Every structure is written in C-alpha cells, then in structure tokens.
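We call the chains A, B, C and D, going by the order they appear; numbering starts again at 1 in every chain.
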Amino acid sequence: MKVHEYQAKAILAEFGVAVPRSRAASTPAEARAAAAELGGRVVVKAQVHAGGRGKAGGVKLVNTPEEAEAFAKGLLGTRLVTHQTGPEGALVPMVLVEEALSVARELYISILVDSVSKTNVIMASEAGGMEIEEVAAATPEKILKEWVDPLMGYQASIGRALAYGMHLDGGLIRQAADLIEGLYRAFIARDCSIVEVNPLVVTEDGRLLAADAKINFDDNAMYRQKAVAALRDTTQEDPLEVEATTTGVNNYIKLSGNIGCVVNGAGLAMATLDTISLFGGAAANFLDIGTVNNVDRVISAMRILTKDPDVKAIYFNIFGGMARVDVIAQGLVDSYKQLDVKVPLVTRLTGNGLEEGRRILAENGIAVIEASDMADGARKAVAAAAGR
Amino acid sequence: MKVHEYQAKAILAEFGVAVPRSRAASTPAEARAAAAELGGRVVVKAQVHAGGRGKAGGVKLVNTPEEAEAFAKGLLGTRLVTHQTGPEGALVPMVLVEEALSVARELYISILVDSVSKTNVIMASEAGGMEIEEVAAATPEKILKEWVDPLMGYQASIGRALAYGMHLDGGLIRQAADLIEGLYRAFIARDCSIVEVNPLVVTEDGRLLAADAKINFDDNAMYRQKAVAALRDTTQEDPLEVEATTTGVNNYIKLSGNIGCVVNGAGLAMATLDTISLFGGAAANFLDIGTVNNVDRVISAMRILTKDPDVKAIYFNIFGGMARVDVIAQGLVDSYKQLDVKVPLVTRLTGNGLEEGRRILAENGIAVIEASDMADGARKAVAAAAGR
Amino acid sequence: MSILLNRNTRLLVQGITGAEGSNHARLCKAFGTNIVGGVTPGRAGQEVDGIPVFNTVDQAVAATQANASIIFVPAPFATDAIYEAVEAGLKLVVCITDGLPTWEMVKVKRYISGKDVVLIGPNCPGIISPPEKAKAGIMPASSFMPGKLGLVSRSGTLLYEAAAQMTAAGIGQSTAVGIGGDPVVGTDFVDILKRFNDDPDVEAIALIGEIGGVAEQEAAEYVKANVRKPMCAFIAGASAPPGRRMGHAGAIISGDSATADSKLKALSAAGAAVTRNPAEIGKVMAELLASRS
Amino acid sequence: MSILLNRNTRLLVQGITGAEGSNHARLCKAFGTNIVGGVTPGRAGQEVDGIPVFNTVDQAVAATQANASIIFVPAPFATDAIYEAVEAGLKLVVCITDGLPTWEMVKVKRYISGKDVVLIGPNCPGIISPPEKAKAGIMPASSFMPGKLGLVSRSGTLLYEAAAQMTAAGIGQSTAVGIGGDPVVGTDFVDILKRFNDDPDVEAIALIGEIGGVAEQEAAEYVKANVRKPMCAFIAGASAPPGRRMGHAGAIISGDSATADSKLKALSAAGAAVTRNPAEIGKVMAELLASRS
C-alpha cells in the first residue's frame, strides 16, 4: 500500500524525523493560506502516488500566496501524467505547500528488506535527487549499505557509519544519526516495505531535512496497522483494482492486453501470462484467485472481468489444490446467471474436484472451450480473443 | 532497586495486568475513605520493602471503613518487623487498601534472568501463596518454566503453556495469557530484575488477579528509567546505605560486624570479608569503592565508616588497577583532615601508584598499621578492632 | 528415498480443528502420512479423523513423540505457531499459512538460524514424498508419483503443474518441495538443492522459480559449483511488467538480476536445461533424461 | 603461548579519547600490545600516544586491519560499541565498561551466539598474556610474569591478587582472563577453561569464582569430564549474608547451588585443589605443582 508524500512525512515526523514545515491543501484557498503561513515563498507539490512529478509540471517554487493559489488551482482535481502513471495520469486530490529550502546538498536514504541477507538494510548515498537505480547503475560505489540485525535493532553506530560515509561532519552527524534512527523506527513500527527519502537535504543554514518522502507498506501487515490502512486513497488506483480488493479478490492487476485471466496461485498466474505471451497474445490482467472457499469470490472475479471493456476472452486456468475445481465451477455457473458474460470462456481445469466440476459445468449448460493443458488453453484463449 | 507493592501494582496495571481495585493511603483518614470507596470490606496492607508482612501483623482483612482506619492508624509511621527486615524493622509510610477477594486458588508467577540459559525465564506454579524457594525444595515438579527468546520476544504460546500447565481452563486461559504477557512487557519496558506475583489469585467469580506484586529493578538501567528511579523510598533503606549511594559510593552494604572495610573491586571486597571471617572477625560493611578517579569518593567512604558506631577498626585493602593507590592515599589524607577518625586504620596497599601512595601517607603523617598481604591485613584488622 | 520427510516422520497438525487444517489433515493421512496429533488451544481431548488434539505443541510432543509439524493457523498467529513448534524441539516445521508480514519472517529467519530445525514456508504448499507415502502439504496427491526426481518450486500451483507434467511424462518424484513465494522464507532453493544433490536416490532435479529476489541466482551459483545431476528449470513472470506486484510479494522486479531472463540465463549457464514455456517443463526434463541415458 | 590474544593481535581501543581509554591505551601499548588504532566519533585524524583515531570501527579496520578491540565507552553506549565491533568483523572484543543493564547483555549474548567472535566482559579487567607482551585490559602489568599458568577470574581485583600471589610464588602466567562479574557475560568460565585445556602451553589452571549464578558449577562439570592439568580454585563470598547484592549483580545467593560452599565442593569433587583463604591461592598452586613434579 502507498500513501501520499504529505502522509508519509506526517508518519515520519511522528518518529522524530526532521521534515520541512508544510501544510497539505485540498483547495486553492487552503493553499494560499498555507503559503501565507509559511512565509510566502514556498514549494507547491501535487500529491499523487507516482514519482516524476517535477518533470511533469507537478511541482513549483512560488514567491507569493497568490502564486501558490494559482498553481494549486491548476493542479487540484486534474490528472497529472508522469513517466510512472501511464497515459491516463493520476488524479491530484491534494497539494503540499512547503517551506522553500536553500539546498546545499542533496542526499539519499532508504530502508527495505535486503533480498540477499533477508534482513533490513539502510541504503544511503551522496548522490541524492536522482533515481537510486540510476546511481546503482552508474556509480554503485556511491551507495552505502548498513544492515540491521533484527535482534539488536537499530544501533547508533549504523547511523554514524552512514553519516560519515556521506561525508557529513559537525552537527550534521548527529542530525543524520537521529534522522536515520527515526526512519528505522517508523519502518518497523508501521510495517513499511520501503521508506525512501530522496532528496535528503542539507540546507545552507545547516539543517538536515527529509525534503521528499515515500513510504510503501507491507499489505500483509495491514491487519495490525489500522491507522495506516485508513490512509489508503483509492483515487490513486485503477477502479477495477479497487473493486477487486473490496470484494476479496486481493491479487488483481490490470494489464494492457485483451485476455481476462483467472488463475489460482500467483506462480501459475504468472506462468499463464507467460504462456499467453508465447502464443502472441496479451493478458488483460493478472488475477490470482487464491484459495477459493466459496463461490462469491469467483463471481467477484467474473464481475471485474466483465466490466473491463478490454477483455475479449476469459481464460480460467485452475489447478485444484487448496482451491477446488468444483467450487470454481459452481462460481462460474452462478456468474453466468448473475452477469452478462458476452465473451468466450476458455477453461483449463485439473486437480482436486475436477470430475465434480466438469459435471457442474455440463449440467448447467455453460459453454466452455475446454483446454487439455495450459499451453492448449493459452493457444485457444489467444484465438478466441482474436475472434478466431 | 525495590518499590512498594502499591507502586509495583500501578506499574503492572499500566501494562494491562489485572490487579485488585485498591487505593494507597498515607493517613488513617485516607485509609477510611479508600475503604468506603471500595465497599467497606477490604484488606489493609502495610507497605514496606520486605516480605513476611502477613505473619508480622502487617496485613488485615477488615469489614468497615472504621476498622480500616483503626488498623492503618496502628501501622502508619511505625516500624514493622518481619523475618526479612532484621530486628530494627521497616518504617510503614503507606498502607494499601484493597478490595477483599474471594479466593478460589492461589497461583504463582515470576520473571527473572535465568543464570543457566542467560535469557529471561517465566516461572509459574500452582503452589501459590508460599515462598517459591520452599516449593522448589519440596515439590520442584510444581514449578513450570518457559524461556523467552530475546529476539522473538513474548509469544502467546508461552502464556498458554503456563496457563494449561497450571491446570487453568476456559476463560482463565486467556486471562492468564494476557496477564503473563503484561508482566513480561513490564519486565522489559521497565528494566526489571525480578517481577513476582505471589499469590496470583483465581477468585470465586472467575477472575485472575495479581493479589500481591513485587518488582526489583536493574540498578544499572536506572539511567534510562527516570520515572522508576523517582519511586525510590529511602525510608526503607539503611541510612548509611542511602548516604553511600547519594555520595557516589554505590556498592556499600551495612553488615553486622565491627571492621569497616574499604576495598576496590567487588570480588576482592568479598574475599576481604572472607579473610576477616577466617581470622575470627566480622566486617561492619561491604564496600567496593570501585574505580576511584578523585579523592572525594574516598572521603565519602570514610565519612560513612566514621558515622557507623559499630566500626572499631578500618581496613583498606586496595589493589591498584583502574583505581590508583596514590589517589586512595590522598583521599585518606584529606579524610583525616576533614573527619574525626577515632579508630585504628589498617592498610594493605599494592599495585598501580603504590610508591607514590606510600609517600603521600608518610609525608602527611597518617598513622597506619601496614599489612604485607590481605591475610596479614585481616589479622591486623581483627586484632585492632578487638583493641589488641 | 526422500529428503526432510519420510514414512517415519511423526507429524503434528497445528490448527487442526480449522477448516483447512482438518481437511488437509485428512488428506495427508489418507495419503499415508504418519500424523500423530493435532494442536488447537482449548480443544484437547477432541479428535479429528481419529487424530488426537492437544492444547499445546509441548503436550502433543510429550504424548506422541512428534518430530515435525504442519501449520494452518491464520497469519496473525503463525509466528507464534512457528515459535511454539521450534521451542518444542520439532526438526521440521512446514508453514502453509500465507499473509505473514515480512518483518515477522525477518525475525523468524534470524531466530531459526543456527538451530537444528528446517522451516519450510510460509505461504507454501509444503512437501510431498511419493515413495514414502508422506505428505506435509496441500498439494493434490494425484499429480505426483513415486520416482527419483527432486522437484522444488517457489510457487504452489506451479509445483503441482510441474509435477503433473513429470508424472504424465513418466518421471516420478522422490520429494517435491514448495518453498513459498514470500520475500523471506525459512528454507531457500540452495538448502533444498543441497539435499537433493547429496541424496543418492535423487537422479534428476527440476527447479521452478519466479521473478524477483535473488534466490534463483544463488541457486545457479550453487548448481554451477556442485550439481552434476540432470537438471531443468523454468522461471515464471517473463511477461510481467516491471514494478508491479504479482501476488507474491517477492516477485517485484527491482533490478536486472530479478528478471526472468537473467535468472534463466544464470541457470542455463550453470548447466540446467531451461524452458520459457511452463507447459513444457515435463517435456524438457524427459528429453534431457533421454539424451543422458 | 597464549589464548585469545598474542603479539600478532591488532587491537583497537573504542573510546580512546576518554580518560580511561587514553590512559589504558598508553599502558597497554607500553606493555607491548600491538595497538593499531582508536575509535571516537568526531575525532578522526587525532592521535593518542601516537595511535591514530578514527570515527568508526569500520574505518579503523579498513585503515589498520585491526582484528580485536577493547571498549571503554560509558555504559549507555556500550551495547552499540559491541555491536559496531562485531559487525565490523573483529574476532575478539573486550568490554571493560561496567554498569550495562542486564537486558542489554541478554540481547548481546544471543546476538553473538553462533558468530565467529569472542566477547570478554563487560564489567571485566580484560586479558593479559605476559609471554606475548600483549594486554587488552586494565590490570597492573607488574603483578604478572610470563609462564605456563592459565588464570581466569570473575572479579578484576581478585585476578590481580591471584596473579600477584602466583608471581610471588614464581608461577608465571600464559594468559590471564577476567570474564567479568555481571550475571550475563560474553564468555563464561567453561569457554576459557576449554581453551586453557586445549592449549599445550598451559600446564596448570587457576580459577577464581564468586557466589551467585552457576558458572562455577558448570566449570566444575567441564573440569571433571575434561581437565587433567593441575588446577586450583577459590570462591569469594563465603562470608556473605544471603540475599544481599555484593557489588556484582551476579553475586546474589538465590539457592543452595549459588553458595561459595557448594561451588568449592563441586570444584573439589572435579579434582581442583581448593582454598577458603584468598591470601593462599598462590601457595596452594605452588604446593600442588610441587606435589606433581
């Protein structure tokens, strides 16, 4: 789960992380008032769940409250297109009005789980303000890494090592160590999957501030992070993806092809997409229906697929294990009763509950294009979507 | 560091531990008001830093606020003598007025560091209400132990294992698990060295309550437990021990003999007491003067010893290491200037700074009975204390 | 004839009275697994399909001498269930439960490090050993048959898929392990590959990976240095768009090394026969075995 | 000629710019110890007695190839100092600092378990190896002389006391270790006894224990099963009243096994010559050696 920059900064500030003075505004008038309160000269930043806002015209340094209001007016309620949003762009529901900083240096800090050591790693770099992937590619030696033992937790020497490694000195060492400790405490306490501060700014007057902040949260931990979960902004997500999560279809991702897929298991779902791709087709979505204990989730999945105008054929690839084929079949039957399914349905069914599932489909007269294996299913789905 | 029962219960309650309803009272009138508020039928308990209050007459079940007041009046400001206080007893500065419980069962729970596994252990027993040492001696199989991995912290299965092990059932399992988790969280968060609930009571109406509670704290952690440190009640300590801690002589313990000892190092200090004992004497105190960086601590130690009317001779056993003999010697010189030292002084000095130390003592005309080794010193101290 | 699990394994089912726990306890037992007990707090004295239920793992171990467990408890209780199993001295713990916060597994991974226990999962289908008639997992037994193949997969359903293809091609399995799709799992590919490589009864190995993480690259390094048995591999997610999460939290492409392509190349360079078609895993293995014999 | 420490040890001093750190850095160096650097954050570029100071242990290791450290930082910072040293890959860490909360050491003990590092202390006098002219500690060097005795003590000053008696009796020391008086220390008696027992250059062993805890009982068990070298022992605190804390938090008599008497009996039964007189430790050892030769 993602949150807006203003929400991320509020969370980090709770843990003592130094952030610029700022106010979030949802109307141009609020933006003007915020700018006035902050002294007039401010940065106004579009709040969207995507990077690349600056190049896309979503961030502006202004000198007066009136300019702040005007810029906010041009952003709020519009859709901002960045290189991360896709052509449809992302709705701007809020702007962040923030004190303008006199920037002496731009640094970088992030925290995430290291896939090699399987523990939390804090990365820092003197090359702030650019994408860390670019830094990693061009000057990997500029990326410092410190791992945190999960037993010992954060230790002050970790922050010091990174601070000295970024060639800070004097009072900035202590500021950096405190800031990094705050980031780490937030990372643990709020079950983050990534905390990224880029840039981390050293101001001309010797302050160290998280000038931008990005937090993603571990979806699996939201059951114990109710306050975080409440920050979800569904305007920033694909409407079908929102519907999926609200109807229990947790692993749905909208893609750009035309074959709607329903698969049980994430790995099999990915492999299904791969097979479709091998046969020259493209999936309209990724959908792992998971462990199906009742038919409702099948109906929810079918409802989403029938709402997607891109879908020209539906492909069910089910290997019955914890999920049973007969439950899937009953769900399909009920879906055809409740929904107006207009596109052809290809099924590749096997595993637990197969015989019963086949019987249910046949008895209820559901017209399916049966496939013998997952390659056959992909081939038939590609053909069906092409109208062949 | 120790605290009173009422303070221990307040700390545990912060962590969700179920305790009886109660009010602490420092005057008989407060005790009466508290009893009235709690319904009249209450237990009034003397608050002293010692066990064995019940047998010593410090605890009474009363039926009316007036009885509570009368009992409190007889206790407050007096000294209660229990088997743990010594003959001088302990001042009763407060009483705890507590709801009377209908007790169905008495259990036992404690948390401390296990000296074998070097990790925290939670002990539980169905044989509550008696000293755990007696249970350990008589029926060791009735003591359950669960160790807590410091990395994983408390896990619910630990409390369940203890709860089922004590043959609780139904809703008491959950109550016990919650209570034990609360105890553990308090143990860690407040840097306790022991948390003991004895008895842990199951009431006739199915509640599980910490009917008594004892907490000792890790003195080494008091720098980060300011709120706990503020609970210290010096009325419960030997006045000389209080003076010792307030003047930087942290490891002073009053004993029953007549040879005042000043030693550097806890092990050497214990060995010094052992040697005195071998020669038929008895130490008036244990005193580890630690690492002496200035003469003031020597003067403070000497002041305590000269205030102790039991002390008939003083024995300095110093092996200069981190502590230097010359600093000790200068401290002795200053002590003789500032204090009225009437008893003979035996010194056994060796190690770092020895020559300089001897010179300082000689130049200042301090009359010492020099000893060649620690046995010689003990022998001479025993003789000096006996007036020989 | 198998790794980790065999006919002598004495298996507990943690969460046995739940819907999934009771269902799969029955299925595992029906397959032949030596299930000696189940654990659900408050349910001691009950039975599930003739299997006695205990309140705690300790009590179950005391009564049954169990040495392994399979966990079906909900995610918020799974860390505790793993802890309880490990503290009770079980040597094999299979955690089927999905949805554990990553931080929980970071701690658990550190916790079991150096201990004499193998944790499989979480978010995994478990283990099956057809020759031993032993299953600590949720895989459909009908897709498997006894043989000499060692099969390991991050994905559950792809494990079944690959096994079914192998079985259809006449290639039986010695042990099949689903290690789980989460970013941090108890046992990684390398741990399982070592066991397969060291087991003289395993004559061939199949590995089913996914995009994201570095487990397949680590596996490739190990294979290159150590494995001389015939081996095939497939990596799911070649067609996944970068940066999106495909169900398994581990499957985010966060750099070049995490792509299906780089993983396949690494495994191929290590000597494995690789395929980009998940429908042909069995065929590739069969051809490889035929070419070797 | 020694355990843990020798003339090739490359020692760092953490907290070298403090009063104790700088003083003992000088004394250790004067004894002959190969001190290669010191660490105090913010003091990089300075020198203490010619020893270069670094901001972090990592930087010091990179510049000096240090492989050991001695810690003098105040108690609130000692856990971090130990962590920094261990993470930097040092193989020997000696923590002189006293006053660490027990919970910190419970965590540290678990943390270093299984790692390739030896932590001595905290609240200890450190290690000295007279034949190697190496000292990572605060003991007065004049009390020690080279020889073949392995000496280990919980108490610092009793270590000096015992060493001085040995030296006076002509019994030189190979290595002397003060393991520290806290309830939880990095290295216990048994760890040191094993090293002494395995070192062919150690011909005799002296152990100085205290009341409280079970370290001496564990030592006795090990000695009984393994040690055939001449050994003597003293336990401080025979005259201590039960239940009072005698300076060392570990020295609370909490049961029969924690008394001086039971510890002496256990060590005696294990074959050690024991004495109840701390002034006669050297004499007892000398008599034992004389009776053996």
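Going forward, a contact is a pair of C-beta atoms (placed from the backbone, for glycine too) under 8 Å apart; a residue touches a chain by one contact, two chains touch by 3 or more.
Just so we're clear, the structure is a prediction, and the values are computed from it rather than from any experiment.
The chains in contact with chain A as well as with chain D are B, C. The chains that touch chain A as well as chain B are C, D. Counting C-beta pairs in contact, the pair that comes out ahead of the other among B-C and A-C is A-C.
Work out the mean CA point of chain B and of chain C, and you get 53 Å between them. In terms of their C-alpha centroids, the spacing between chain B and chain D amounts to 28 Å.
Note on chain placement: the centre of chain C and the centre of chain D lie 46 Å apart, centres being C-alpha means. Of all residues in chain D, those touching 2 or more other chains are 107, 110, listed in ascending order. Under the contact definition stated at the top, the residues of chain A that touch 2 or more other chains are 149-151.
Arrangement of the chains shown, judged by which pairs touch: all-to-all, with no pair of chains left without contact.
Residues of chain C touching chain A in their complex: 19-20, 24, 75-76, 99-103, 105-107, 109-110, 125, 138-140, 142-143, 153-161, 164-165, 181, 183-184, 208, 210-215, 218, 234, 236-241, 244-251, 254-255, 258, 260, 276-280. In the complex of the two chains, the chain D residues touching chain A come out as 41-42, 44, 55-59, 77, 79-81, 83-84, 87, 107-108, 110-111.
Of all residues in chain B, only 147, 149, 151-152, 155-157, 160-161, 164, 173 touch chain C in the complex they form.
Within the complex formed with chain C, the residues of chain D that make contact are 113-114.
Within the complex, the chain B residues that touch chain A are 150-151.
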